[in-house]
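What follows is chain A paired twice: with chain B in the first complex and chain C in the second.
This part shows the complex of A and B:
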């Protein structure tokens, strides 16, 4: 019962947070100077034309009324119409979402592999130079943000040793047979490994740039909790049974040490998703973040609203999932 | 655990931490000098364009022109001079945005953590809402609202990053609030605000100083990101982010336009964060 109540409370606060985001976004972007309608019309349009188009987009009504209309629409899945492309916002945003999700998940996988191996190698060689070297690398990776790692990678693997593509999601001249937006996933299912390789060659650098800071955090925290776990009695017992160090770390200590890292990875994953905005811009990757910056530059109010809300939904959903997962995995909370 | 080996290891760690602290301070000191003396030490006017001198390589590459040590960009502007002037913007943003963010965030965190009750509820809910915004997108949006200028950048950083201080200081003030010394101060007749400022604040201060150092590094990056998407200050003025943005475009023709501001940014961010880490190791038992 208590378990259910915790979940219910958690879902409720999530909804309050989202409502807060919706209100703030709506009113902040309406203070943006520069009339989006005037930017849409060709030069020489009269005041009358501007007034008529404003009425069409509902921009002539008082702000609170506009908010009411917009919120009612959102409840029915209607996020309005983009001013620059004149297409429904929901369709545009959902069209770009798979690209950003694929990039974020690829980055997460890279971070877990890199950070996990750093932690395991560091624990295996604790007290030696190996651990020292891993600590120094972790410290570097942690203090420099994804934007700078992206630029460094771009110079190294894009210019110095041009092995990866520095812009776009896929080579434009390729013929794409995809029916969904999840190119990377679909190319595997369709066994089109040529396309898959091209996609990976485009995504490698942006994904790695996003992964490096998170990998450092995972590496540091997992190593710390592994080292603590290695001193527990049951691990000592496993050692006295004659198992080797690597076996003890992987089969005995890892499972118990992973839990605190998991919670942290959840929060940090939302930071990683937030980082896609600038990384997509840097690598001209056609995802949500790149679209968001264009929308701000073009003063496309409905589109900006839609994208920010979607990001907020993703952030809060990730946090919610991690909290629930933690509750399920942690026996102390489950039986509380 | 105090065997000889453990002691040796620990003093080694401490020595390395000390070195890290000094190197960081050295780089930041040099940067301050460069920013202050830019008009006197810069070999050229950072804004003067000369299309005949466009994309000159740095001094050790064939085809370099004497006097343009780090080469020129596609408009013929001297990279070294722009780098030196760019340090002014970077440091100004770091110090101003960092300290204002710190003041506001730490105050709110202290109030929430010590007073608890409805104050804590309101501030915590605000923090939750703030954490649901993608920060880069939020800052770009704010600059679009405020118009590109140095003041707007500082406001955007303060508006977005106050939660960094508020979250940590709140948690820390909550812990300190339960300690015996706080209770005895209250018994001795100190008021709530007095206790907060005289008893809690000094104990939270080391944490705040460390966070402030880290925030300064973050502010430098935010400024660079905003200049990169062309939303920082007037586009003519030299900023590291603006230089990176230009360098990104001519990456295949003139790598040096990108490399030098990138190195400067990299070292500065690293220095701020290592300074923070170093201070943390020395003074702060909590964050350590």
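This part shows the complex of A and C:
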């Protein structure tokens, strides 16, 4: 019951948010200077050519009318046609979505593993040099933004010690049997571990670059919250039963300590997804972010709109998932 | 021989003042010993030392904690933990914070039996049902499936008591087990602990402020001031002829059931002064070896 109410409420607020995003994006990118039609035509095109092409894409109409047309299309699942590629926006955007989702989720998994381990090791060794070392590492990881980590990783693992690929999503000469865009996932299902390894070798550095700052945040926050939890009465009671430190941390403290971290990770994960725009560019990874930059450079208005809306949908979905997870992990909410 | 025997146990804050000063006390099998003294006297510290849960900010500087003749302080941490888990249990002070909010009640009672003592899950579950019935919880099966936040404080304390007796420990430490409860349920819980203790023949180290409780539940008691044991008596001797002036003052400070209006008399300053002097003289002697 509570679940249903949460979901309904979220769907409603999501729709309102998306409508707001749609309005803002639509008008902002039209106010910014730069004419998509002028960029499409060869130099020396006449005013007449420009006018004709503008009419073709509906760009000659008043802005509000344009918005009405666009919105009516969106309602029917038609996000318009990309000006540069002349293909439907929806297909283009959905085609790139899996690449970005796989990259983001890989980065999130890495961040949780790295940050979680740091927090657990730091808690296990609290008050010792181990904890000090973890704090220093966390501080360093936090003080450098993801794209700089990308450059550092590129230098280390791409140039000095070339074990990973520095660009692309997959080696182009390989022939790909995939029917979905989720290459990493599908290669596992098809038991094509050779392809999987190739994909990971491409994804490793961009994912790690995205993961490092989030890992540091998780590490710091979870450790703090674990240390506080470790002093609580129920943890002490578990110790008197004969349980050792590791069991007590994992079984008694971790779940309760993870709750406050979880909410923050949700917010930070949306930042991470935002970070894919630059990281994908840096590693020439063919995802949504990379496409977004091209679209902006080419003033491909319908494509920009489609990508922004999709990002907004992803963000709200992430927030919804976090809320649901929180309810699942917290028995006090589950029964409310 | 006593099941628990503490010999000359000294505990201090790391690089700080002493918290326990050569404390010695015994608890024989099936016996109940009260630990009384003002707030900060070190009562809980003794219980924590026995159960191996001293805070990391303190250290044991001397002494022995003999459990069934074996000094816990000479064992590896792992072995000492195992022995404590197998033969001792704690009834905590605050039932609202002593249960893990994200686990159901059932596993919180049975986990020691299964994980530490190697019972089968079925046997442990059956035991949990019996125990809840013994602490007078109706519908035990439902309670075992509940989460702590669904139960009242008195209910949770009953569960913690059941859990403490689950493995038939030789010794239970009860640290002010009723102070966090409503006055109305305090008496019931006290009676419950005393009844369970008598039925199971468990030795009990009972930390309390309340001499009235001591007179009802305990056979022996230790009076503590600033980590120093001032008096170690049987309860009968203590109430008829206290040996230490501080004990006498404590007794006088306790309202009498016969004359509740006589009111609380604070421990006189002169007595406090004398006890402080005793503590100082102990520290001087300790400093000179």
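In the analysis below, the second predicted complex is superposed on the first by the 308 of 336 C-alpha atoms of A that agree within 3 Å, B and C clash if a C-alpha of one lies under 4 Å from a C-alpha of the other, contacts with A are read in each partner's own complex, and residues count from 1 in each chain.
In the analysis below, contacts are C-beta pairs under 8 Å (C-beta built on N, C-alpha and C of every residue); 3 or more make two chains touch, one makes a residue touch a chain.
Note that the structure is predicted; figures quoted are calculated from it, not measured.
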Original post:
Which holds for A:50: it touches chain B only (first), chain C only (second), both, or neither?
Top reply: neither
**OP:** With the two complexes superposed on chain A, say which partner A:262 touches: chain B (first), chain C (second), both, or neither.
**Re:** neither
Subject >> chain B versus chain C, judged by how many residues of chain A each one touches >> reply: B
Original post:
Touching A:18, do we find chain B (first), chain C (second), both, or neither?
Top reply: first
**OP:** May I ask you to decide whether A:312 touches chain B, chain C, both, or neither, giving the answer as first, second, both or neither?
**Re:** first
**OP:** Return first, second, both or neither, reflecting whether A:233 touches chain B, chain C, both chains, or no partner chain.
**Re:** second
Original post:
First (chain B), second (chain C), both or neither: which does A:127 touch?
Top reply: both
Original post:
Once the shared chain is lined up, is A:252 touching chain B (first), chain C (second), both, or neither of them?
Top reply: second
**OP:** Name the residues of chain A shared by its contacts with chain B and its contacts with chain C.
**Re:** 127
**OP:** Flag every residue of chain C that touches chain A in the complex, lowest number first.
**Re:** 51-53, 56, 78, 81-82, 84-86, 88-90, 92-94, 97-102, 111-112, 115-116, 147, 149-150, 160
**OP:** Using the touch definition up top, name the residues of chain A that touch chain C in the complex.
**Re:** 127, 232-234, 236-244, 247, 252, 255-256, 329-332, 335
Subject >> Touch list for chain A against partner chain B, complex >> reply: 13, 16-18, 20-21, 24, 28-29, 31-33, 127, 139-140, 142-145, 147-148, 151-152, 154-155, 158-159, 166, 270, 273-275, 277-278, 281-282, 289, 292-293, 296-297, 299, 304, 307-308, 311-312, 315-316
Original post:
chain A touches which residues of chain B in the complex?
Top reply: 9, 125, 128-129, 131-138, 140-142, 144-145, 147, 217-218, 221, 224-225, 228-229, 244, 248, 251-252, 255, 258-259, 262, 265-266, 269-270, 273-274, 277
